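What follows are several structures.
Two complexes come next, and they have one chain in common, chain A, joined by chain B in the first and chain C in the second.
Coming up: the complex of A and B.
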């Protein structure tokens, strides 16, 4: 047994991981979530929105991290629309607009058919320049955005008429997977104009530690990784009773795979160390 | 002169303007203009990047270097995507301009570019990211060893976070009442405590250090002391 484990082909580990992530997904295992403080704060921040308030969504991620971030994008968009807010979508990542479109198709069109493009929501599209885009639009949208994503003049869009800059927003939500993203929004927009708008962020697991120092001063709420998305879904479902809709339990469903995968990782580390200590006692060097 | 002095002057001017515009409200407009120039340059960098990609891959293919076949795949994918995107193949006329067949968006649903995105780019990038789980599991089995005190601390923290971030943590320590003075020992609370205390403190210290380093480096670049960005010969 020891020899088998010492020389274990890594393809066995790959197979175990495949089973660990596939079985809970296929079987639809779901587990209860305990809501963390940061997610609760993010939820409360959006609950403060009043009908007609302006919310800027920055979709700063790509399909690689969509598995982790799309569920929270769905929930946040639903929540803001449910509060009656006007939604402004943009992206600092080149493929962000496609993800905006997917979210609009998944949330706005089926759940809020009364929402009209240009009056209740608008897609401003992608602009190159990373944090320099934030630096410009935080004082003047029109220096960069002359049209929306579809090419319509910005001044022909009714909901853009009274919007001069990001400072006219009530809430900024950055859903980000790295650079440029939530950190840059905090540094170049929220920190520079702390009292003009509020900010909430959603991020991948690896991006959470660099954002934690900004909580709660610059970032009142932070939704971290798929667990944060599952916690948010719990709050959203408790308040608005959406359990029958699969789009709003995506994060919870994915937490099933995460649980089994994490337990497998712990077991692998334990077994790996047992093999290591037995080998050390026997004088095996590798 | 053109290769050295002018880039140095542009850098110094842009840097000083951005610093001044942050502190002097009257100069805010200058800072915005510099940022707009940067955004335009960033857009131009895409063309430069595309050209560089072609140059590198063509060289690799013509030299028949190991892996040149992948270079060919990269080039074909790049050129085909560029072609269908620029020519808006499969795009329908937009509602405001029904008589112009190219008026729709290049990536609208049903277009060939959308098809590439939906059925090639999206699954490929998602697959690459998902493969991390397999390699991390393999690495955990082979490399995560309790060799010394530091490694044991790291290992213990990893266990607490791995279990505390899922329902497994709640289930394992739910015998500790939530309202007792020992509730901190519940795994989900322990992982939150580690995150809020140690992770945040450590990250904050790193961020302050990095910021001071960035300030020093920026000053060196703005003042022309550090010229490494101009190329190896200028260092």
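Coming up: the complex of A and C.
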């Protein structure tokens, strides 16, 4: 048995992981979630929104991380729209605008048909420059944004008329997969103007540890990774009764596969360590 | 003892088995796509009009319109077809239709996903092909996006707003005047590209030095404020947290003590002016443990992130491509 495990082809482990992920996906397994304090804080920040409040969404991710971040983008957009807020979408990543369009098509158009483009939501598109974009628009949008994503003049858009800068927003939401993203929003916008607007971030698992120290002083709410997205869905479903809509349990669904894959990972780590220690006792060098 | 050509025969058999499996998989896909209802991997779209108000060079107002495609589920397409058949809907533009380009795109996307996954078996030409396509497309995409989202609005739109309005940005503000200060970034850009010239490459160092200086300055100030001063302020927590006037919050007190002690011990570990002996040594060893626990948590988060990416690709293959699962009930037709 020891020799079998020591010389096991790693491709068997890949196959095991494939099975661990595929079976719950096909079977649709879902497990209960316990809501963490950071997710609850993020939810509470959005609950504070009043009809007509302005929310700036920065979609700072790409399709490579959409599997992790799209569920929270869906939930956050729905929640802000449900509170009657005006939604401003932008992106610091070049492929962000496609994900904005996808979210608008998935959430705003079917769930909020009364929302009118230019009056209730606007897509400002992508601007290159990373944190320099934040640094500029935190004092003046018009220095960078001459038009929206489609090419309409910024001053012809009704909901942009009274907006001069990010400081005119009530809430900034960065959904972020890395640089430039939530960290830069905290550094260049929220820390520089701590009392003018609130901020919430949703991030990938890789990005969560560097962002956690900002909570709650500099970042009132943080939705971390797919687990955070599943927790947010639980809160949203409990409050607004969305269980009948599969689009709003995407994160919860993916957590089913996570659990099985994590159990497999733990087992593999335990077995790997046992094999290693037995080998060390027997004097096996590799 | 095995015959001398046993290994060669085994290799040929293995190749035959793989070819047979591949042919069977392709036959299954063709059958499922072409001869079953509702088939698989078909993408339906609906045209959405986009209108932008602008002005022509002679000053007359004009509306520019075009359409973009929004994806709709199979359910919407079937319902639309039924309504058209029943005479309750007109059909034509604005009703859902099959998008061949997106359908082919989904097939190609599935092929690339499988090609990348094939690296888990071993390095192979399909993986290399997918990798090369990814790099090429990414580079070209960045270039095109950079041109349309940076050069056009931020340079042409600022230096020659009338020309930009007449050609590529019809919605640009009519009152916009040329801002000649933007000749400076144009000049810096040209200087940066000078490194491609056969002589005078040193010219490109000047704008590069300016960019590095500007970003270093920007980052220094913001890191000092956001990550140094504010983090010190966040690190100073009451060791005995009081929930109300009478009660002590033991959970929060414990968390605060762990936070403060952990921070001090980690800082001690990075204090190299004295030998790590005695109290300093003990504190630095605790600091190492705190760091290890932090790295463990980071690894856990990373594993979670990577697994969900795999889940998303499996969902794509089973849901969007093969139509074997339907978690969002997009293909449920009553």
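The rule is short, and it goes like this: the second predicted complex is superposed on the first by the 286 of 286 C-alpha atoms of A that agree within 3 Å, B and C clash if a C-alpha of one lies under 4 Å from a C-alpha of the other, contacts with A are read in each partner's own complex, and residues count from 1 in each chain.
In the analysis below, a contact is a pair of C-beta atoms (placed from the backbone, for glycine too) under 8 Å apart; a residue touches a chain by one contact, two chains touch by 3 or more.
The structure presented is a predicted model; accordingly, all values stated were derived computationally and were not measured.
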TODO: Evaluate whether chain B and chain C can sit on chain A together after superposition, giving fit or clash.
DONE: clash
Task: First, second, both or neither for A:127, with chain B first and chain C second - done: both
- [ ] Based on the superposed arrangement, let me know which partner A:115 touches: chain B (first), chain C (second), both, or neither?
- [x] neither
Task: Touching partner for A:26 - first (chain B), second (chain C), both, neither - done: second
Open item on the list: Just to be sure I read the superposition right, which of the two partners does A:150 touch: chain B = first, chain C = second, or both, or neither?
Closed with: both
Open item on the list: Quick one: is A:193 in contact with chain B, with chain C, with both, or with neither? Answer first, second, both or neither.
Closed with: neither
- [ ] Name the contact category of A:265: first (chain B only), second (chain C only), both, or neither.
- [x] both
Open item on the list: Under the stated touch criterion, which partner chain does A:136 make contact with: chain B (first), chain C (second), both, or neither?
Closed with: first
Open item on the list: Let me test your reading of the model: by the given contact rule, A:218 touches which partner, first (chain B), second (chain C), both or neither?
Closed with: second
- [ ] Pick out the stretch of chain C that clashes with chain B after the overlay, from 9-17, 63-71, 117-125 or 243-251.
- [x] 63-71
Open item on the list: Please report the chain A residues shared by its interface with chain B and its interface with chain C.
Closed with: 14, 17-18, 21, 64-67, 95, 101, 127-129, 132, 135, 144, 150-152, 192, 208-209, 213, 225, 227, 258, 261-262, 265
Task: In the complex with chain A, residue positions of chain C that touch it - done: 50, 52-54, 64, 68, 70-71, 120-121, 141-142, 145-146, 149-150, 153-154, 157, 169-173, 176, 215, 218-219, 222-223, 225-227, 230-231, 233-234, 294, 297-298, 301-305, 307-315, 318, 324-325, 327-329
Task: For the chain A and chain B complex, residues of the former touching the latter - done: 8, 10, 13-14, 16-18, 21, 31-34, 36-37, 62-67, 95, 97-98, 101, 127-130, 132-133, 135-136, 139-140, 143-144, 149-152, 192, 208-210, 212-213, 225, 227, 255, 258-259, 261-266, 268-269, 271-273, 276
Open item on the list: For a test of understanding, state which residues of chain B touch chain A in their complex under the given definition.
Closed with: 22, 28, 31-32, 35-36, 38-39, 42-43, 45-46, 94, 96, 105, 107, 109, 114, 117, 121-122, 125-126, 128-130, 133-134, 136-138, 140-142, 144-146, 155, 158-159, 162-163, 165-168, 170, 188, 192, 195-196, 199-200, 203-204, 207
- [ ] Mind listing the chain A positions that touch chain C in their complex?
- [x] 11, 14, 17-18, 21-22, 25-26, 28, 64-68, 94-95, 101, 105, 109, 125-129, 131-132, 135, 144, 146-148, 150-156, 186-188, 191-192, 204-206, 208-209, 213-214, 217-218, 224-227, 246-247, 250, 253-254, 257-258, 261-262, 265
